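Look at the two complexes coming up: chain A is in both, with chain B in one and chain C in the other.
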Partner chain A sequence: MFSYTFHWNQALKALPQMLDGALVTLQIALLSMAIGLAVALALTLFRLSGNRILGGFATAWVEIARNTPALFQIYMAHFGLGSFGIHLSPYAALLAGIAFNNAGYLAENFRGALKAIPETQTRAGRSLGMTSLQAFRYIVMPQMLRVAFLPATNQMVWAILMTSLGVTVGMNTDLAGITQELNARSFRTFEFFAIAAVIYYLIAKAVTLAARVLAARMFRY
Partner chain B sequence: MIEIENVRKSFGQLEVLKGINLTVEKGEVLTIIGGSGSGKSTLLTCINGLETIDGGRIVVDGTDVHAKGTDLNKLRRKLGIVFQQFNAFPHLTVLENVMLAPVKVLGQSKAEAEAMAVRQLTHVGLGDKLKVYPSRMSGGQQQRMAIARALAMSPAYMLFDEVTSALDPQLVGEVLDTLRMLASEGMTMICVTHEMKFAREVSDRVAFFHKGVMAEIAPPEALFGAPKDADLKTFLAATH
Partner chain C sequence: MFDTALTLADLGFLAKGAAMTLAVTAVSVLAGTVLGILFGVIRNQAGPYWSMPLTFLLDIFRSVPLLIQLVLGNALQSIMKLGWAPFTTSCVVLSLYTAAYCTEIVRGGISSVPATTRRAARSLGMTWWQDMRYIVAPLATRVSLPAWIGLTLGVMKDSALVLWLGLIELLRASQILVTRLQEPLFILLICGAIYFIISFPIARLGGSLERRWSND
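Showing the complex of A and B:
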């Protein structure tokens, strides 16, 4: 009834290769977060601008990012853009897809955080002669980022896990991609994916922990 | 000089300012008293352009506040305002709170802004709180910090909007002392207040607002000693 024989040695020999893949995974996740944060800030400003076209654009982005599967978003970056003659490498497509998703969730996250900051903060800034952009930049945004920081680390963990969707667009240098290739060559499916899962888990935990340490250092008030 | 000419302001159906005429000279201390909803706080936020007006005009040193093309950000540099809520910036230390606008708005160097901030904070009695975050301070201290923050912009006028109303009674005194000090130094001030004793001591003139109208304006001894307006008499009787 249980005829599968474990071959851990073979899998463990591939560990250095998988760890290299883990670095690529972490790199994509970090980059996608950096891009996602920048875009989410822009989307937040669009929403605050009162301009209907910019606001509508931001809302559409958030709606699509949050209400369609991440897999489709990555597909659209790879095959979708491909049909318009824009050919992204698997790496770029994966990064673009995840960044798109991150931006949507983070923008929504920022919107919630903004509600926690009283309007009187902006009034106080404007009363000191600041432009509305200066009041946002120096008074509202730092407070918003603090409120949004811990929820944003959830998105970072989610970004790490989303990178595994890269195999569907031919990504073969990240942890999931390398694991998939090792599996295809050896059929030691359980061993390889079990090790990969442990590595994903450890990266996610490390990120959460690092975020807590960072938060304690950054937000002293 | 602040010239307020026939200013009208409505929030929806409710007319909160029904044609206010008032001139405040350089060096004058004017206090505005009156019941809630009399329009006195609204007038202050109209003076610095945080609120629009529906009629009349407000001219500050020759600049029409609500005219098209008026650079409000520039105008506000000379109109310091302190609100009922202290509006401390919680993510900045006391020193940083005061330095922020001089650096970002006036383009002062950090050193210049810091020297000014330390001077103003020392002036309001917070010289030992520079590196503290506002959440660690009492309401009275936060309000004095807000005053120093406004003063650091070297304004020509200071507007105080019920600055002691949100304070615990035992903290009111320290903030009023700060205002008295500014008045004695010759700062031009408009203070909306419920502190009658303070208004009596510090003002050159006191204005009584009632239902959007400036019902009476006079030097304090006349206004408090021999009020003419019937509503003012009722108001004073109720506050004594």
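Showing the complex of A and C:
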């Protein structure tokens, strides 16, 4: 067909290398998700605090994260921060960019989830003598996380897909980076990237499945 | 930062990049929406069992990174000797990517119309097409439009990835300027501001539409 000979053997020989890259991809996604969740919680608290400066900071973060491309955010971490004398490695820049993005989207998810929790519950907690932080920690947050779990799962899949952007800032240890390096050496673009696509697909599906099992276990009642 | 080597011509170069971003977005969203409506209706008509192949196919576009899709699309067009320009390849890949998400939105919109309403229309003697045109379309649009606006903005932001195929859109244009002028922060900030100015008002509009239309 098309006078092009596919060389799948050559590409399949590199499979162990690519699977190593997939582990790095998963690692970055998980780390960025953990950082993103922590920051998103902080941003949500800032927004709830009623403090104008903190609230404004949180809103600015969310709007910038949601209204500029993820690739731009990674570029900003990699090239932009250099002006402040901060020189991040591709790995750190990628992680910072994705974590920034995740935090913005997750904070917005949390805001949506908060709407599902009646404000009277916070007031009930407060009238029982809880501080506002306690009321948030013990009453609001568990319910919020429960409602936001499914959107957060989607965000996790997004994070995995976003890790592929690292290759544009010179990342060469994750799945996309390794694939690109193999491609540069052999010019078997289609074969290598098709295998990478299959691996990404399988990772995304595995994460979705794991999240579903986890949700079924955690939210049984 | 205040004495910059950035000239008016460079700003024009950025504006050209922004125009390229908008052009890619417009073509992809237009084609993707048409395909998405088509696939959405097909999926709705065929039911979950018979539309499984289509569902699986579209799911691939949502589970594989767009960058990989673009590289694969480009490799495929050169293997098939189609001789497409990067712009065409980018638009084709992005259209399919958009269609995959749009299908979900359309399907959600259609299934939000109560079956009883549709049966009432059919029992009044409306044909399937009339039911679709006069009953389902207006009600489903109301549900789907905010999500569709979100999708459009998402595609606008994701279109930055076409720089990998050598297309000079907004982000690539600013990268070229950064390489030449060595003022990464300033130029990237301008680039980000342009994205933000395009995206933010539309996102706000989508948000307010969603609030206004979800009340009843």
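We take it that the second predicted complex is superposed on the first by the 220 of 221 C-alpha atoms of A that agree within 3 Å, B and C clash if a C-alpha of one lies under 4 Å from a C-alpha of the other, contacts with A are read in each partner's own complex, and residues count from 1 in each chain.
Definition applied: a contact is a pair of C-beta atoms (placed from the backbone, for glycine too) under 8 Å apart; a residue touches a chain by one contact, two chains touch by 3 or more.
Only a predicted model underlies this, so the values are computations on that prediction, with no experimental measurement involved.
Q: Is this a clash or a fit when chain B and chain C both end up on chain A?
A: fit
Q: Tell me which partner touches more residues of chain A in the superposed arrangement, chain B or chain C.
A: It is C that touches the greater number of chain A residues.
Q: What is the contact status of A:Ala196 with respect to chain B (first) and chain C (second): first, second, both, or neither?
A: In the superposition, A:Ala196 touches chain C alone.
Q: Return first, second, both or neither, reflecting whether A:Pro142 touches chain B, chain C, both chains, or no partner chain.
A: After superposing on A, A:Pro142 lies in contact with chain B but is clear of chain C.
Q: Just chain B (first), just chain C (second), both, or neither: which does A:Gln134 touch?
A: In the superposition, A:Gln134 contacts chain B only.
Q: With the two complexes superposed on chain A, say which partner A:Arg126 touches: chain B (first), chain C (second), both, or neither.
A: In the superposition, A:Arg126 touches chain B alone.
Q: Upon superposition of the two complexes, what minimum C-alpha distance (Å) separates chain B from chain C?
A: Across the overlay, chain B reaches chain C at a minimum of 24 Å between C-alpha atoms.
Q: Could you please specify the touching residues of chain C with respect to chain A in the complex?
A: That would be residues 60, 63-69, 71-72, 74-76, 79-81, 153, 157-158, 160-161, 163-164, 171, 175, 178, 183-186, 188-189, 191-192, 195-196, 199-200, 203 of chain C.
Q: Hey, which residues of chain B end up touching chain A in the complex?
A: Going through chain B, the ones touching chain A are 48, 50, 73-74, 76-77, 79-81, 83, 85, 87, 89-92, 100-101, 104-106, 133-135, 146, 149-150, 153.
Q: Once bound in the complex, which stretches of chain A touch chain C?
A: Residues 2-4, 63-64, 66-72, 75-76, 79-84, 157, 161-165, 167-168, 176, 179, 189-190, 193-194, 196-197, 200-201, 204-205 of chain A touch chain C in their complex.
Q: Would you tell me which residues of chain A are touching chain B in their complex?
A: 118, 120-121, 123-131, 134, 138-139, 142-143, 146, 219-221
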